[in-house]
Structure formats: structure tokens, C-alpha cells
Amino acid sequence: GSNDDGGSGSDEGKTIALLLPETKTTRYESFDKPLFEAKVKELCDSCKVDYLNADQDASKQQQQAESAITNGASVLVLDPVDGKAATTIVKSAQGSDVPVVAYDRFIEGADYYISFDNERVGQMQGEALIEATGGKGDILMLNGSPTDPNAAQFKKGAHSAIDGSGLNVVAEYDNPDWSPDNAQKFTSSQFNKVDPGDLAGVYAANDGQAGGVFAAFKAGGAAELPPITGQDAELAAIQRIVAGQQFMTVYKPIKAEADQAAELAVDLANEEKISGTEDFQGVPSFILDPIAVKKDNVGDTVVKDEFYSVEDICTSEYAKACEDAGLS
Amino acid sequence: MTAPVLSMRGINKRFGAVQALTDVDFDVRPGEVVALVGDNGAGKSTLVKIIAGVYGADSGAIEVEGREVQIHGPKSAQALGIATVFQDLALADNLDVVANLFLGQEATSTGVLDEETMESRSWELLRQLSAKIPSVRIPIAALSGGQRQTVAIARSLVGEPKIVMLDEPTAALGVAQTAEVLNLIERLRESGLGVVVISHNMADVQAVADRIYVLRLGRNAAEFHIDDVTTDQLVAAITGASDNVVAARRARSEGADVAPNPQGHLPEENA
Amino acid sequence: MSFADRADERLVQDTSPRAMLSNLGRRLRSGDLGMIPVVVGLVIIWIVFYSLNDRFLSARNLVELSLDSATIGMISVGIVLVLLLGEIDLSVGSVSGLSGSVLAVLLVYQGWPLLGSILAALCAGLLIGVFYGLLYTRFGVPSFVITLAGLLAFLGAQLNVLGKNGTVNLPGDSALIEFANFTFLPPWLSYVLAAVVGTGYLLARMRTLSRRSAANLSTPRLRSVVVRAVVITAAVAGVAWYLNLDRGIGAMPLLWVGVIIAMDFLLRRTTWGRHVFSVGGNEEASRRAGIGVDRVYVSVFALCSMFAALGGVLAAGRLQAVSQTSGGTDTNLMAIAAAVIGGTSLFGGRGSVYSALFGMLVLQSITSGLNLIGVDAYVRYMVTGAVLLLAVTIDSLSRQARKSSGSG
Amino acid sequence: MTAPVLSMRGINKRFGAVQALTDVDFDVRPGEVVALVGDNGAGKSTLVKIIAGVYGADSGAIEVEGREVQIHGPKSAQALGIATVFQDLALADNLDVVANLFLGQEATSTGVLDEETMESRSWELLRQLSAKIPSVRIPIAALSGGQRQTVAIARSLVGEPKIVMLDEPTAALGVAQTAEVLNLIERLRESGLGVVVISHNMADVQAVADRIYVLRLGRNAAEFHIDDVTTDQLVAAITGASDNVVAARRARSEGADVAPNPQGHLPEENA
Amino acid sequence: MSFADRADERLVQDTSPRAMLSNLGRRLRSGDLGMIPVVVGLVIIWIVFYSLNDRFLSARNLVELSLDSATIGMISVGIVLVLLLGEIDLSVGSVSGLSGSVLAVLLVYQGWPLLGSILAALCAGLLIGVFYGLLYTRFGVPSFVITLAGLLAFLGAQLNVLGKNGTVNLPGDSALIEFANFTFLPPWLSYVLAAVVGTGYLLARMRTLSRRSAANLSTPRLRSVVVRAVVITAAVAGVAWYLNLDRGIGAMPLLWVGVIIAMDFLLRRTTWGRHVFSVGGNEEASRRAGIGVDRVYVSVFALCSMFAALGGVLAAGRLQAVSQTSGGTDTNLMAIAAAVIGGTSLFGGRGSVYSALFGMLVLQSITSGLNLIGVDAYVRYMVTGAVLLLAVTIDSLSRQARKSSGSG
């Protein structure tokens, strides 16, 4: 292998590569990366983190993994663009004696796996919607991009919850590029068929789309908003939740995930023994629980975790809503 | 008299609101040089382009060697043995002189372009026309106007046509090159080809043509045998009036009055 | 007749109704039809979708269509301009996203007033365009490469401006949101508009008419001018009436159409516009004619980026938020495609700003129709491609006809 | 003798491996028609383009009205009062005749193009040149070769130049239009302008020029006053030999021997 | 000398070393330099990245660079062909994705043999290209629109072929994976290759030389031919030596470079290639010269789509899987950008297939260098844009020089 620093027990100049999938949602650049880097720094002062982002392109990610190995990485922490296709990266890295930690999304054959389960996320969104609507009425479903393999997992999870319930899906849409504009256009065109007031709820796979759905309802002159789901706990979504414009979002306590990954990576780099894992499809794993954030638990989740400060959320626009929600 | 190698009857062509050709008739016999003259915009180039397959006629019949033909495009005109030098030259600016000369008729050996044969043959052709081209390996874009025209004319000598049409071939040529082209036209006639020449230079026309067609505003205005016509008659037929600016200039420069030809001498219309 | 421009005897000048009819037939066959083929394509798309789902032509859906078209349609206006020069701008998406972000961040985080923020966003666009223009004219870098670099660089800038929290919600009571979503002409005003448009047309044509006859040039018949003015008024009033069944004529689409009409005027009736066409048709000839070719390039790139910025601002208002995905890859493709579908040539010198209008309507109609019908993602892609091709083939066939009849 | 309005000394221009101009000198005086003749590729158009600001000279000095000037581009040449009709015409094919005629010098009223004024002025200009253009509202692409050339020439009459350069202005023109252009050149001379004419037609040159420069292979080959030169001398200077193909053709057609001019009569080189 | 092509006395013909040097200087200033400016840009990029991270020029990274460049680089070869005609293909990404999917589904789900699957994938590409060509030549629809429709339609087809399970992993022991990732020339063979290339060049030049002197045309000096052959051999051997420090010359990059050399030969030395250039330079003149213009268009569109398909197959092998993201939007942009960065004109008639080689290397070097340095996404976008612009500006400046000296 080319891992020329490998084999020594000291933590002198270890490099840990962090490979993230995309830049179009904020979590990766704003949270995963800084949190991971901070934790690594804390655990191992001389360790270096190589950060790479694949812009939602599987072959680019493969190149980046190769670059990281070239650059002497001792561990790859890999959040794959495409979990299935990333098995190649795993094999190639393992061929160079570099262990791979599957981060956030599952990769078959990875050395370790740390995540929230994608299907579980979809399921939680679906369940929240059932809860909010009482399990009956017409809903719209806006899924993620048809060209994003993970979107299919969210979709599958959501359907597993919704299909058995009494909810009736009037229209379903796989949104290219997860685009909020498309979400808005799709939703407003459905208003030709269904009166906005008659919709019991809207399943939106992520917060960006939830924003588009909200804009469509508002522009459509809806008197009352039905429950809208989301994912990622974007600041804009939290603000909407506080203001009662979005029902819920799925918050993955990224800090826990990133910290766990950093510990694991440093241990692996130092070739220490790992314990406390559970088995997930044959891979030793740390499975974390995502949290559904609704108006009543904003304070106990994202604020408590210092994901956002109250000042972040409660801009002048949302000050009143914050007060009502008991955020201060 | 031999049968015409090319014969056109009742050709009409309209562009938008402009009727460019109205009922035009036209014949060329083998071993004959036919001149086509007329004022600017008279329709000469349009007629040539119809024969060359660039435009389709709106109506009218074309016969080549006695058989009625449909000319579907430049390729089918070439298949009928018609070679054309267009007024707008139609050269590929980005290619060099050799490539343009042999465009569509490239010499190959074992499937690969035979550059050496083409290059030395190019020098021969160009020397025949006294071309003053420093190198045949520069793109056409870098040639002077006259050099381009020489290349376009040389193109028509590659291949073995039955009819050669030259649309204002000497417009941009120097005196020596013009003389060579006139020589060339005579050589073509001698080898039995039908030659069509368009020119605004009456001296050149009278020097090489056997027969002259005059087009005016898209119609056959007159047809002359070379022996039966004077320059003044020709000019009068082209401009449609005998007391024209050309005569006036000549009169002024000669310091004498030229007796105007009575217009009645000209055939009013051919159709 | 002895008009200066009707003297040539080759001009076919029969003005009897029958001759005019046969002339129309000739024009149909020869393809000299301007925007008509695209409009025909649009009408066919509308009929097909209507037959699949009769809500497609409901007043409500048409209002939505007009609102959805206006944002990227605005960007497409700028694209038409660069295409007229035979250049391209691949970065309009990024520039619109960046401007939207500048607007949102100034407005929400910096507490600037709305107008100031909008101006700043537009200025950002303008500066980018001027920068492109200078790069192009000074160094001769192909605009494809300049704007490809811009696409990347300004996407980076957008991410940077938005900062770590990403998506920014505009204040819910912002006048921009109001303008982009809820401002519609009251019915009476829409009919006044129709009357104004008709009268304006009539007056302008009458002025031309009198000036032409003063200059001893042929004139169209007064009667036909009046008929046209009446038809235009009726058409606008009809559209207004139908849209008024729902919310009416939106302020944002009206701005868009207004900008198109204004740009069309600038292009066809001013020296600058004339120079845009001449530079696009033959840059060398224009340079030799003493035209400040560089200035034309810079002005057009600047306008294009500014329209992109304006589109970004409107899109922010319409979505009521700005995010990292604002102005994503689709935006570029849609904006350029609209211009090309409308019949503007990629090679410069031929086209009209109206192609942004009709091209965008074609694209949005397909999207909206497929949204209403509701199909699987893969079918959606395939049908979009096929319909797009069909719509443009009509236009191309008519152009083809023109070419083979030698009049193009 | 009046001072030259344009004077060039030691102009050199090289394109890649081709030395197009070598130490060329050139003068034009006000109220004088200077002809520039030479074989194809002799460098005539290159010289004109250098004056017009299209190319920069590699070395050499240019004076306009006695002041040494730098010509940075076509715009600066126009600012110096130089109007040019280029051999390749340089028209925008996609615009109509009116737009091309007034390109860069559009008439406006209250900021808006004044189409009516431009259109009626166009008809005037074109009629002056006897142009046979059916409509000024069709794109240049739809015009015949001669019609385009007329438009290009008419362009140079818009505006108020001090020097007018015409590069083969009559190449594609009909007989009547040629006569009108020659008349035009004489009118320009009478109004005191310096006129430069390039032509391959010796008759035309001798009809209007006061002085003739001969370029051969990029060098000054000879300079004549119109009264001191015969056609044969001119042709000999152009081709560089008195026993040339032109003389041969003439001899053949006249059926008589023309005494060749001894080449020694010509000034060998000017520089 | 009395060579037929050296007779004109205006030709500057000094062959002394000093004159040749001053000639080089003149060529430098006049910009008549072919690929040299792009190569200079590439070298500068390499030096800068090397100074930032010395692993950038390590044998390992260069081997990776060669492997990474080959897949989209193959697609770019086809793009150069359509650009030479002044046309564009926006759908190469979708076509490559579709072909990859066809390959994967046939191989994995239908149990076809590898070769059969590859052939089927290439045929799919070929058919698409022929279809494009026929649409273009029969109906005159602009290629921008045809291939935009194709971009959408074949993305839909790709999703459909992959089915609801999405990503398909190729069998781990597949020869395609072996070829794309693990097949390298053994060191001795790479040196043999260098020798073969050098000798081949020498023989070809010698043949031309003898044919030229037989035709009484001027010839380059034998000595300079020999020197060049030696330099070429040494260069190839040097590259081989350095790459052999790591895994060596990969089979896939070798195929890529081989295809480029072959296409360059076809373009410059066959009738078909000549016609591609002439149609791209002046379609009307080519038509009038009797060239089967339609056939040229169809063949070029077909080749382009086939290269896209081949690129898709190689990408599948390299990624060892095919998914919905295969051939995503970036692929189009990268493939087209590589050709343009390499100096091929978007307006037809000017360019070389080598632009696919060098353009791709420029793009991949930027990507790879930034990967090694590791920066925030927004910085990465901005730096990529800036570096791209700088690399191309060098080329453009040299072209600019040529233009103003009047020799372009």
C-alpha cells in the first residue's frame, strides 16, 4: 500500500480523510465538517483532516477517495453519494490498508458504519404526517431527486408508513435536483385539481422542498396551512416550524454523529481497538436515532444541542412566534 | 447546327416579393461559348445557380443532352457534367488552397489523402492561370481577392465536365490572369465543351463568345450572334436605352457625339 | 403608383384581397413567418394537454403559468441579447442565485431596506457582466469559457454569501413577496391596459404612416392599420378577461412582458440595437464601419447579467426564500433553451426578444401539463424531451422551407 | 503642387512567411485621383487596409495633412476623414440595405432611428449610382454581387470624408453602374477630395486617374503621370515583362505584331 | 532552390539557425502555436499545485490523473467532432449514462456476456447518433434543441432501464473492471511502445519526405526529422519511466490516447476528415462542391454518440457500478469544456482532437489539485473558475496576437 505513515503506533502526523457527498444542503459544510474537525483536533492535536466534497457525483467521489489515499490518509470517513456504488471505494481503500468508516449512509463491506437509517427517516416523516392528519385525507408527496439513490430510500421509508394508513396520495412527484422552485410549481399546479384547503397534508422529503410547498400554499392564497414535513433541520425550516408554517423536520443530531465518527477515526488511525458497536447488515455499527422536531421541541433539540442559537432562529421576523413558542 | 447540350425553357424564379426570372429560355451547344450579360440584378447568377442545382426553379423545363432532367442539388448537377465557378466563389475559408482545389474530388492513395499529388497538381493548375499565390498551404482566408478567384476557376478544371459555367470569372483578376482565363475559355471550347460566361466586360465578351444572351430585369431581352453585334448595341440592350450614361461618358471622353442606335433594332423580347 | 420604393418593375404589387391571400399561402410555404410557428407549436401543446386534463386551460392554471414563466423568462431576455451577438452566457443561473443571496442577506441579516437590497443585487449582476465584457474584449477569451468559469466562481460566491445557515427566508410581509405572488391588475385596469396598448399601437403606426408618405415612400393602407389595432386591443382585452376569471394579470408577468416590449423597441428602433444586430451578423464589417464594437459587447454582457440578477430577485420573491439551490443548473439550461426554442440563432444576428416570451411559455407549459397529469419521473423526462422536439420541429420545418426556396 | 493629404513612407507588412509589402511609399494630394494597380496579390488591398486601420503596418510612417499619425483602428481612420470601400465589401449580411448604408452613421430623431429619412436618402444615393435594387428593405444576403457592391460604394458617400479609397469598386458592376461610379469619382475630385482607386481595368484607370502607382510583389514598381503612359507600358510594369500574355492575346486578336516596349523605359524601383 | 512551392520571391526563406530562432520568436508573438499555449497553461497549473502539495506530481497521482481523465476524455473526443461541424451535443452525459445502464442491466440482470453487453451499449449510442443526424439533416432542427431533448429523453430512458432498484454493481471480477482499473502496461512493454511510436513517426515522415521530393516539392531537412523522432521517443519513454514508478501506463488511458491519435489521423488524412472540416468551415461551399453534406453530419453525430457510449462503458468499469447519477449534468459540461479549453472553436472548422486530451488534463488537474489541497466547497468552486479562466486566457492572448497581426 501507499500508506507510508501507517504501521507506527504514534499519532504523529496522521491524516484522516473526510469525504462528504454534496454542497446543496448546508449540513455537510456547516455542521458535519467543522464538528468533525473540531473533535479530531480535540482528540489528537497533530492529526490532520483532509476534507473533500463530491458535489453529488459518484465518480468524482471515487477520484477524491483516490486523492485522499495518495495524500496518505490513514482512515477514510466516507459519506457516499451512492452507497451501493461506493463499495468500490471501500475495496480499493482496503486494498491499500486504509479502513473505511461509512458515515451517515450505509456502504456494504465498510469497516464501520455510523448513521441514522435513511429508511427510518422517511418512516418518521410519514408517521409524523399520519399523526398530524389523524391518518385520513388527501396528501401530496414530494420525493427527492430521481437521480439521487438516497432519495429512493427516503421514499421507501415514507411509503412504508403512509401506504398502510388511511392517507390518500393524490399526486406524487420525484423532484429533479430536490429543487424548491420545482416543488413550488408542482404544488401550485395541483391546486387546479385539489383546493388547497382540502389537502390534509404534504409530504416533502426535505426542508428545501418544504419551503417551496409553503410558498405555493401562501401564493395560492390558502387560509390555513396543512402539516408539511421536512428533513435536515435547516435554519429556515426551524423558523417556519416556530412560525407554524411547517409541521416538522427530521433533525439528526449531527454533533453526536460527527463526534462519534471523529473518535472512531482517531482510534482507527492509531490502530486502537474499537468497542461498543452493534451489527448492521454485517458491519460493526453505531446507529443513532434521528429526532422529529416540531414546534414544541425546538428548544429541547436544536437549541439545546447548540445547533442553532435562539438569536439565529428568532430574527425580528420571527420574534413574536418565538415568544409564543417559548423560545428566548 | 449541333443539338444543345443544355437547353432551358420558360424558367421562372421568385424570391419573396421579387420576381427574379420570368420565362427565361437558354441554350448552350457543345463547342460553343455562350455569354450571358445584363445589368446588375438582371438574374444572371440566379439562372446559373438554377442550372448548378443551388436553387430549384419555380417552373420551367431543363434538358441536358436532349433528355429532360430534374436537378435536385449541386451533386446531381455535377453528375450531369456541369462544373460551375460561382460569383461568390464558394470556397472554404478555413482550408488551404490545395484542399479547396480538390474539395469533393480528393486524390487518395490506399484510402489516405495523397497530399503530394494534389499539391504538385495544384501548382500546375495555378501556373496555367498565371496565379500569383506564394504558397498553396495557406488558408484561403489569407488570399487576396484575385488569388481566391483564380483558385475558384482552377477548381473547375479538376474533373471532366461537359459544361463549364463561369460567373464573372475575371472580375477580380489582374490583366495577365484575365488573359489566361480567356485563353482557357478558348481551350475549353476547342475541346468541345459547352461554356457559359457571365461578364460585365463587353470587350472580353466580344473576344471569346460565339453567342450572347442579354437578360434585362429577369427576362430574355435579346440574343445576338457575335458577328452581328456592336458594343453599342449590346450596351443599349443591357441598359434598355441607347442614350445611356455609358454612351454619354464615351461621347464626353471622345469629345464627339456618337450617333445613338435606334432601339428598334433590338428584338423586343424573346419569349 | 410612384413611390420611391415601389418603382422597380420586378416587385410583385398586387394588393387585391385574393393576391394577399395567395401571398399568405406563399409565405406559409416559404416559411417567412417570424414567431408564428412557435406560437403554433405552443397552441398544439396546449390543445394536447387540455385534451388530457381540462384543468390545463383553466384561468387558474394560466395565471400560475404566467407567474412561473416570469422569473426564468426574465433571465432568458438577457440570453437572447448575448445570443444575438453570437455569444453565450452559461452563468446566468449562478448569477441569479448570487444576486438572490445578496438580496436576502442584505435584507434579512444586514437590515437594509428592500429597495437598497434590490439595487445592490442588480448592481452585483451589472458588475459581473461588465467584468465579462472586459475579459472578452481585452483578452478575447471565448465567452463560453469566461461564463463557464463564472458559473463555478459565482456558485462559490453564492454559497459563501449565504453562509453556514444556508436557506434564508424573506420576511413574510416583504413587498417583494407581495409583488411576485399577490399583486394583480384590478379588472378595470386590465381593460384600460388593453385600450392603451391598442391606441399606442395605432398612434405609432399612424405617425410612421404620415412620415412615410411625407418622404414619398409607400404606405400600408390606413384601413389595415386600424384593423390590426382593433385586433390587438381585442386580444389583450380577451386575455385580460379570461385571466380575470381567476386572479387576473399578475404584476410580475406584466413586468416581464413590459421588459420584453421595451427591449424589442431598443433593439429594433435605436442605434444601439442596430449595432447589436450588425456586430452579431458581421463583427468585422461593424468594426470597419467605425462602430465601437467593444462597447456593444460590454453593454450586452452587462445587460444579460443584470437581467439574470433581476430574475434572481424575482425568483427569491416568488419562492419567498433563497437557498443554495437557487439558480441551479436547470436555470441555465431553461433560460438558454427558451431563447433557442423561440427561434433565436446561436450564431448571432438573427432573433427576437419575443423568443424569450414564447420559448419560456412552451417550456413551462410542458412542465405544468406534466405536473397536472402526474407521471413517473422517467416518463416525465422522456415526454418533456419528445414534446420539446416536436414543438421546435414545426419551427424548423418552416425555416427549412424558406431555405430551400432560396429566400433565407 | 499642393501638399499631400496622405503620405506614406517605407511601409512594411508581413503575414506569417509572406512579405506582403516591402518599403512602400505612397502619396495622395487633395483634388487628385490616384490609381493603384498591380497584379493579383501585389499588396494593393493590404496597403488600403493599413490606411483604413484594419491592419497595423510592421514599420513605416503615415502622415495625414502633414501631421504624422498613428492609425489604431477603423474608427481612428474614419476620424481622420478616410472613407473606404473594401474589396470584400464588409457588409452585414443579416441587415437590410438601409441599415448597411447608414451603419455607424445612423440618422436619429429624438434618440430613435429615423427610418423614413434614412430610407428616402437611400433611394437617392442608390439612384445616383443607377443601382438596380428592387427594395431597400431586403437583407444584403438577398442581393446580387453588383447590387452589394453598389451598396458598399454608396456607403462611402454618407458622411464627409477627406480621402475616399475605392478597392476595385467596379469589379462586379454593370456597364451603366461602372460609368456612374467613374462619374462619381470625377465629382469627388472636383470637390477637392483625395481619391484612391484600385482597379484591374486599364481603360477605367486611364479614364479617371491623374497619377498611377504600380505595385509588383509588394514593392513600388513604378509611378506614372497619366499623360506619360500608354496601356502597354502599364501592363508591362504590372506584369514585369513586356512580352506578356496580354500582349500576346492582343497581338493574336489583332492579327498583327505589336512592337514590345523595351522594359528599360520603366523606373526600376522607386525606393 | 527550385522547388515548385518555393518559387515565389515574397516567401521569406532563410533556414539558418538564427533565422529559425527569430522565426520562433515571430511565431510566439503572432500566436501561430497550435496546442502549445494550452500545454503551457497545463504546466503552470502543475507547477502551482506542486508547490502547494508535492504529492501532486507523484507518480501515483499522475497515474490516477490519467485514469480519471480517460472516461470523460473519451466523450470529449466526440464533442470535438461535433464542434468541428459548428454543432453541439448536450446529451453526451445522458447517452453515456444510458449506455452504461444498458451494459449493466444486460450483464448483471440478463446474464449477457461482457462483449455482447458492451457492443449493445455502443450500438445504443450509435443509433441515437444516427437518429440525431437524421433529425438534423431532414428537418433542420438546431442541434442544440435536438440534443437538449435527447438530454432529457435519454435520462428518462436511463432511469427506466435501471429500474426501481437504481444502482447496479458490476460483477467484481468483470474484465471491464479489470481493464479500467487494474490493467497497466508492464514496464518493458511501455518502453517498446516508446520505441514503436518514435520509429512509426520517423518512417511516416520519411515516406512523406521521399514522396515530396519525388513531386519536386520542398522538404524539411532530414536531420530535423530525425531529431524530432528522437525527442518523441525520449518523451514517451520518460513519461513511461515516471509512471512505472507507480503502476505504469494504464490500459484505459492508453486506449483513450490511441483513439485520439487515430481520430486525428482520420480527420487530417482522409477524405471524410477533410469534408468534416470543409462542412464546418463553409457548409454551402461544401454542398456546392458536391460533398454529401448530410452524410457528413450523420456520421459525425453517430460517432459522437458512440464515443459518449464508450465513455459511459469505461466510466461504468472505472466506478464498477452504474447508477442514476452516471453521466450527470457535470459530464456534459466537462466534456464540452475540455474541447473548448483545448482550443476547438464552437463555430466550426477550427480545432483538433488533441484539444480533448489537453483540455481534459487541464480540467482534471484542477480537480485533482484541489482535492489534494482540500478546501471548502465554496473556495473550491471559486478557485476552479479562476484557474480555468487563467489557463484559457494564455491561449486566448496568443490567438489575440495572431488576430491583430492579421494572420488569422
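All chains are identified by letter, namely A, B, C, D and E, in their written order; residue positions are counted from 1 within each chain.
We adopt the following convention: contacts are C-beta pairs under 8 Å (C-beta built on N, C-alpha and C of every residue); 3 or more make two chains touch, one makes a residue touch a chain.
The structure displayed is predicted, hence computed values, not measured ones.
A.B. asks: When you check each chain against chain B and chain C, which touch both of them?
C.D. replies: Intersection of chain B and chain C contact lists gives D, E.
A.B. asks: Starting at chain A, how many touching-chain steps does it take at least to reach chain E?
C.D. replies: Tracing touching chains, the least step count from chain A to chain E comes to 1.
A.B. asks: Averaging each chain's C-alpha atoms to get its centre, pick out the one most distant from chain D.
C.D. replies: A
A.B. asks: Report the inter-chain centroid distance for chain C and chain E in whole angstrom, where each centroid is the mean of the CA atoms.
C.D. replies: 36
A.B. asks: Determine the centre-to-centre distance between chain B and chain D, using the mean Cα coordinates as centres, and give it in whole Å.
C.D. replies: About 25 Å separates the centre of chain B from that of chain D.
A.B. asks: Could you give the separation in Å between the centres of chain A and chain C, each centre being the mean of its C-alpha atoms?
C.D. replies: 39
A.B. asks: So the centre of each chain is just the mean of its C-alpha atoms; given that, what is the distance between chain A and chain D in Å?
C.D. replies: Once rounded, the distance between the two centres reads 74 Å.
A.B. asks: For chain C, give me the residues that contact two or more of the other chains.
C.D. replies: 10-11, 159, 329, 377-378, 407
A.B. asks: Which residues of chain B are in contact with two or more other chains?
C.D. replies: 15-18, 54, 132-135, 142, 217
A.B. asks: Residues of chain A that contact two or more other chains, please.
C.D. replies: Within chain A, the residues that touch at least two other chains are 23, 29, 146.
A.B. asks: If you look only at chain E, which of its residues touch chain B in the complex?
C.D. replies: Touching chain B: residues 4-5, 8, 10-11, 208, 211-212, 214-217, 269-271, 274-275, 277-278, 280-282, 284-292, 349-350, 407-408 of chain E.
A.B. asks: Taking the complex as given, what residues does chain B use to touch chain E?
C.D. replies: Per the touch definition, chain B meets chain E at residues 52, 54, 73-75, 78, 84, 86, 90-95, 99, 103-106, 108, 111-113, 115-117, 119-120, 123, 132-137, 141-142, 155.
A.B. asks: So in the complex, the part of chain E that touches chain A is made up of which residues?
C.D. replies: Spelled out, the residues of chain E in touch with chain A are 53, 55, 58, 60-61, 64, 68, 71, 155, 159, 164, 166-167, 169, 172, 181, 315, 318-326, 328, 330, 367-368, 371-372, 374-378, 380.
A.B. asks: Inside the complex, what are the residues of chain C that reach chain E?
C.D. replies: It is residues 86, 88, 90, 135, 139-142, 144-146, 148-160, 329, 333, 336-337, 340-341, 345-347, 377-386, 388-389, 392-393, 396-397, 399-400, 403 of chain C that touch chain E.
A.B. asks: Touching chain D in the complex: which residues of chain B?
C.D. replies: The touching residues are 15-18, 38-42, 44-46, 87-88, 130-135, 138, 142-147, 149-150, 168, 171-180, 182-183, 200-202, 207, 217, 235, 238-239, 244-246, 248-249, 253.
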